[in-house]
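I have a structure here, written as structure tokens, and I will follow up with some questions on it.
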């Protein structure tokens, strides 16, 4: 009886190990990444493709947490690369920023609210809390108070949104903060009087009404052509120049056609 | 929660019309309004509990049957641009199993040793007794500590540079601190109090004459424990272990903080079994959390499917505890005390 | 080596080994307090005990900690975490009070009033409710309860009334307290049932013989007799509610806001955050010195609360010793 029990436990562990072992048992270099939730889908796809094309060379561990968390982690040396969705600032001395893709920041409302267009001034006024009711917004089919959704302070998309579309002003303090892009999308999808902002990848998933800015629709085409005003950059950031596996990965993203194909599927390539 | 079985009302001599066994003229029609209200409230409370439990099980069942496919259980999670292609939850399932195995493997010897020591060795002399009290109180404190504090404590411990072999070290010198062994070790703290309490109660219930018989035959205390007492409390240990397993598979906080949250099980290093222990992964509970609107929110269907599976596990464990409890109550605990070296 | 294990063990050595292992467990507890306290020291160093009070804007303070993580100035450690403490006390308090009422009523129902058939169903149901993982409660909360409250229970009037302070999205105090009550009630029911069953039937019968109806007899005699068990149940349930992180994080709205009763009905729909859910919210930032210390400070506070609860429960039970029905 004991033997059978021991045997079954051993078999279970062996079974688990057997399934897990093929997942890179003897890869040499480990690249850890953390940071923006907006570039997480892109970086995960790129990393998966890289591992498929260059097996047993690099392994990736990709976490999220937000742009600022990624920057802090890479400054402290806890990760190799940070995913960053905002421009470098004065506090980022000593870090190297490598742009990998461009994305558009779209203003989105609930699907029931078929607001077609907003001027940049209107966007600023709504998000800073000056305009509080949908009745003051022409073209909006929602009624009642405007529910503003924003991102937590660690988000790169928020920083880029503020500098590009809010003229540097802050979002109103009574807006509801969401920790990730996914949560922001969920929130606006379920709040009929909600409004928020997302990268075009999330906004294009359907289920939301994407609002044009100054008459220009928000998608990767208008972002590529430069017509859309709210275009920001995804960076891969390392402490000092990238070396080893990280450098190989970043170079591959820069040069390889396979990487370009992935990027241009939902985002905009650099150059 | 070992006894939710209230005693049956004592036998009474049959009365005239009302033999509800609660005395004559106890029909609620004759009570005051306040008491009738209280009676109704008690019934409502009891039945609404059943209603809520039924609603939860039925709703999860409905959603689970809607979304759970065998393919999901056996396919690995994929990275994909949209959640339709994101695969199943084999890795999280294996992660849960692995964590349970590690947790019980660590908790069982610790709990057994402590229970045996406290019951058998910790009764003689003032010094021993106060030490035994300290051990008991410590385990009670562990039982009352919230999961999230245990998880944070685990992070503090496993991020020490001393503990680098248990996970890995990143470039800047920081120890990652998150791995299966880190999470499993903290899971063992969850299971420890259940196994300890069950074993201790079982050992205390063994009558003194069993031990005396063994001593009279010339056996040492430790041999008595190994060959007579522990085998006789097997079902208690099994009950406690099952309760511990139930607590481990339901824990989310420890997994979110201590397991590295990688989609698939990723090994670390090159030594065959050790690399799995040092690796990162995910568990069913973390998978449910990440796929719910609280995580990335992109796939509530997958969350429902995994939640249904988890609920089935929990129900099965509950039934097992029930069976073990009943088997123990009916069997004589001394039946196996005959085996003496 | 397996052979050596199978032979009889030396008694003294075995005793010492077992004793050492047992004390190891005690050492773990000491280590837990020591580590958490050590890691949270910077917060106490810069704030004293003032971080338990209110006055600052917690969201801004956390943002500052994130922004200045690598070479933090002393001002970055400024912390005023009262909204979290208030949120914890509020949600736990309401849930325990509600839960205790329901638990006592249900226990009386199970032990005294229910026919045997119903009892056979209700007892496993209670055990089931107690063992459902909190993430499943959270899942149902966030996918069913929160949208229901947000779309059907919150009126526009209420939204407007708190418009300048906070937004009502359905996630907030109401679903938190409701689900928390469902989670902790089974624990209390188990303890109270056990205690009710152990009260000698003769006590209740004496009351009935004196003319009380059965329910009154229970109230007059049995409930008074099980007061220590009720205290124990309350302590256990409070400890459970304090430590609940995952479910609360999913349904509470995640805003460090103090719901104010002065807002009327809207009070129940306002978002909040508790200590445990805050730890979970900020868990990614544990690598940065100021935010990490903050997280450990919250954990230390939770640890002390659990201790204090056990001690308080013990002290409350002392004068009730004379009502103990066992032994």
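Should a chain be cited, it is by its letter among A, B and C, assigned in written order, with residues numbered from 1 in that chain.
Just so we're on the same page, a contact is a pair of C-beta atoms (placed from the backbone, for glycine too) under 8 Å apart; a residue touches a chain by one contact, two chains touch by 3 or more.
The shown structure was predicted, so the numbers you read here are calculated from the model rather than taken from an experiment.
Asker: With centres defined as the mean of C-alpha atoms, identify the chain lying farthest from subunit B.
Answerer: A
Asker: By number of C-beta pairs in contact, which two chains lead?
Answerer: Looking across every pairing, the one with the most contacts is B-C.
Asker: Averaging only over C-alpha atoms, locate the centres of subunit B and subunit C and give their separation in whole Å.
Answerer: Using C-alpha averages as centres, the distance is 18 Å.
Asker: Report the inter-chain centroid distance for subunit A and subunit B in whole angstrom, where each centroid is the mean of the CA atoms.
Answerer: Computed value for the inter-centroid distance: 38 Å.
Asker: Check each residue of subunit B and list the ones that touch at least two other chains.
Answerer: 174, 293-294 - these are the residues of subunit B that touch more than one other chain.
Asker: For subunit C, write out the residues touching at least two other chains, lowest number first.
Answerer: In subunit C, residues 287 touch at least two other chains, as defined above.
Asker: Mind pulling the subunit A residues that touch 2 or more other chains?
Answerer: Expected reply: 63, 76, 78.
Asker: Of all residues in subunit B, which touch subunit C in the complex?
Answerer: Those in contact with subunit C are residues 1, 3-10, 22-23, 26, 28, 30-31, 35, 38-39, 41-46, 49-50, 52-54, 56-57, 59-60, 109-110, 113-114, 116-118, 121-122, 131, 134-135, 138-142, 144-150, 152-153, 155-157, 174, 189, 192, 220-223, 226, 246, 249-253, 256-257, 285, 288-289, 292-294, 300, 303-304, 307, 310-311, 314-315, 317-318, 322, 341.
Asker: Please name which positions on subunit B make contact with subunit A in the complex.
Answerer: Going through subunit B, the ones touching subunit A are 79-82, 90-91, 94, 97-98, 101, 168, 170-174, 176, 260-262, 264-268, 270, 272-273, 275-276, 279-281, 293-298.
Asker: Under the definition above, what is the set of subunit A residues touching subunit C in their complex?
Answerer: 34, 63-66, 68-69, 72-73, 75-76, 78, 91, 132, 143-145, 147-148, 153-154, 173-177, 179, 187, 190-192
Asker: Mind pulling up the subunit C residues that touch subunit B in the complex?
Answerer: Within the complex, subunit C contacts subunit B at residues 8-11, 14-15, 17-19, 21-26, 28-29, 31-32, 35-36, 39, 102, 105-106, 108-111, 113-114, 116, 118-119, 121-136, 138-140, 142-144, 182, 185-186, 189-190, 193-194, 196-197, 201, 205, 208-209, 213-216, 219, 236, 239, 242-246, 249-250, 276, 279-280, 283, 286-287, 295-296, 299, 302-303, 306-307, 309-310.
Asker: Residues of subunit A touching subunit B in their complex?
Answerer: Residue positions touching the partner: 9, 12-13, 16-17, 19-21, 23-26, 30, 32, 41, 44-45, 47-48, 59, 61-63, 76-80, 180, 182-183, 185-186, 205, 239, 265-266.
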